[in-house]
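These notes open a run of structures that come right after.
Both complexes shown next keep chain A, but they swap its partner, so chain B is in the first and chain C is in the second.
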Partner chain A sequence: MNISISQQDPVTLVAISGSVDSLSAEKLTEAFTGELNAGRVKLVADFSAVSYTSSAGLRSLLGAVKDSRRLGGDLRIAAVQPDVLRVLSLSGFTSIIKIYDDVAAAAASFGTAA
Partner chain B sequence: MNARLSATGAPTERPRVALVIGSGGLKCIAAFGAMKVLQRESIPIDMVVACSGGAFCGTWAADGGGDADAAASYFEKASHGMFGRLSYRGLLGLLLPKLFRFDELLGILHDAALNRGIRDFVGDRCFEDLKLPLHVVATDFDTGEKQVFSSGRLFDAIRATVAIPLVFPPWPIGGRQMVDGAACDPLPIDIAVREGADIIIAMGFEESLQSGSRSGMDLFLRLKTIVVNHLYRSQYAFYSLSHHAEVVPIIPEIPFPVGLGDAHLIPELVDLGAQATEREIGYLRRLLAADAKTAA
Partner chain C sequence: MTPPRRSIALRGPARLEFLPSLLDAVSELCDAADADPAMRHDLRLAVEEACVNVIRHAYSEDDPGEIALDVELSAWEGRPAIRVDIHDRGRPFDPLRLATPQAGTDDVQALPLGGLGVHLMRQVTDAQTYSHAKATGNHLTLVKFLATRKGETA
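Coming up: the complex of A and B.
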């Protein structure tokens, strides 16, 4: 899994590629924690290149959602591929996390309903 | 995955792998397709947990598996006539409960053929005769509590967990009436967690909603489908997120309705089960390889 972080003020874009699973979840958690500790709490995870997610990946995402909301921000997810969306749906994430068709819509959502 | 350490701090061997096969009626036959792929890839399985229709393939897998196509063919032949014969006594009791004395121990289908089919499959064998630990989930009809059978006669546990309320009569075990495990635990990941699994291969099935209801029974089954589907998702979500065990879901996409009597669909269901497993096999391989590397 690769992670690339960029700023699109006031939003931090976390572009993830590959598999979000137990072999990579720690790296993802560290990336989210680093941003949150730096005060960047409005996060958009670009999932357009995420091919797989497992329960460990879901736990990492859930932790970041909880921490960002506790700090007054949010983690929103963009451009989820169908196979990954199935797992997010099955695990109830589509009910508790805001998911957008693309990064632009996810970033724009912070301007309207942050 | 973090290295698993023993009480002395030394790395243990490879992770314990559980195969969980949830409820889904005849759809559970897709688990034979999953087993084909898991066996081909030499994915080790240390325990099996099964519920409702999943108990058939679960028992076969816990008995060491083998030729999955042959096993599916066996069930294709065995299931003909197993689910078809109406019990007029049960049906009339359901429709006119006062006149025909409704009895909760009756179902609208006769269970003689079902019982014969299960006996032909397992005979008088017990859980203790299997090669791997097997845990079968049923529901205590009186208390609503989950009951997990891991020892004793296989026939009783299988018959209990497939007793769809109103369709088949409950099955008595130890003085308690047992019904379908799907009523309390349609995807029993929790039992695999409890038994110490590190990797849980969870094969689950959502029931497809039939459009329209032509009878009270249709309406009841539709409502049951909605409730069980939500229970299934809730349990998957909870146990995936609340525990360290890695849950690898295998969810076949079955684009057509499957009834209990649709034995002709079995080869297609096996293929769909295999396809769904192929999608997860890369991750399973990497997961086991990484763990072996960590332990070394």
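Coming up: the complex of A and C.
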């Protein structure tokens, strides 16, 4: 799994690629925590290149959603691939986390509803 | 040419570092079965969740024991399937008795961070059984009916 972070004011884009599993999820949690601790609380996770996630990845996402909302922001996800979307759906996460078709739509959502 | 393997048995330390080897075994058997991508995904997910459960909870941290995995092309209730058996000698624990976590609540902050793995494991497999015996320890069986890339849902 690789993570690349960039600022696209007013949001922080966290682009993830590969598998978010029990071996890699901690790295993702650290990335989210780093941004939140730095006061960047409007997060968009670009999932277009994420091929797989297990419950470890879901825990990382849920933790970041909780923490960001507590700080007045949110974590929103863009471009979720079918296998990953199914896992999010089976876990009930599609009703917890806001999911958008692409990064532009996820970023724009903060302009009006953050 | 070596014919595709119909079963793979693997035994090693119940540590996260061993997880890739366990998942590779599943992947290799999926190759042999010509399993379709959805089946590969679901088996990888189920086996990751089941094995991580053993790795994290079966043994005490300073005394990690073994995990054993058997994966085979098999039949279940008369239908072609891939069957995965996971054994450990840790503390008795039946994951199938865990309650399903309640997602979908309005109060995100109240949601627990754990418990999802077993739920997913059950959702993406067709049958699961658990048993425990003093002599042999925990034994979890996961079954997924075979769906091949040729589009045959067996």
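The rule is simple: the second predicted complex is superposed on the first by the 114 of 114 C-alpha atoms of A that agree within 3 Å, B and C clash if a C-alpha of one lies under 4 Å from a C-alpha of the other, contacts with A are read in each partner's own complex, and residues count from 1 in each chain.
The definition used in the following text is that a residue touches a chain if its C-beta (ideal position, glycine included) is under 8 Å from a C-beta of that chain, and two chains touch if they have at least 3 such contacts.
Predicted model, so just to flag it, every value in this text is computed and none were measured.
Asks: Taking chain A as the common reference for superposition, should the pair chain B and chain C be classed as clashing or as fitting?
Replies: Verdict on chain A: clash between chain B and chain C.
Asks: Classify the contacts of A:Ser91 with the two partner chains as first (chain B alone), second (chain C alone), both, or neither.
Replies: both
Asks: Is A:Val65 touching anything from chain B or chain C once the two structures are fitted on A? First, second, both or neither.
Replies: second
Asks: Please name the chain, chain B or chain C, that touches the greater number of residues in chain A.
Replies: Chain A has more residues touched by C than by the other partner.
Asks: Once both complexes are aligned on A, which of 153-161, 189-197, 207-215 or 225-233 in chain B overlaps with chain C?
Replies: It is 189-197; the other listed stretches have no clashes.
Asks: What is the shared patch of chain A, the residues that chain B and chain C both contact?
Replies: 21-23, 52, 54-56, 58-59, 62, 83, 87, 90-92
Asks: Help me check something: in the complex, which residues belonging to chain C touch chain A?
Replies: Its residues touching chain A are 16, 19-20, 38, 41, 44-45, 48-49, 52, 101-104, 108-109, 111, 113-114, 116-117, 119-120, 123-124.
Asks: Show me the residue ranges of chain B that touch chain A in the complex, using the header's touch definition.
Replies: 1, 233-234, 236-237, 240-241, 245-249, 251, 279, 283, 286-287, 290
Asks: Residue numbers of chain A touching chain C in their complex, please.
Replies: Against chain C, chain A makes touches at 21-23, 52, 54-56, 58-59, 62-63, 65-66, 69-70, 83, 87, 90-93, 95-96.
Asks: Could you pull out which chain A residues touch chain B in their complex?
Replies: 19, 21-23, 52, 54-56, 58-59, 62, 83, 86-87, 90-92
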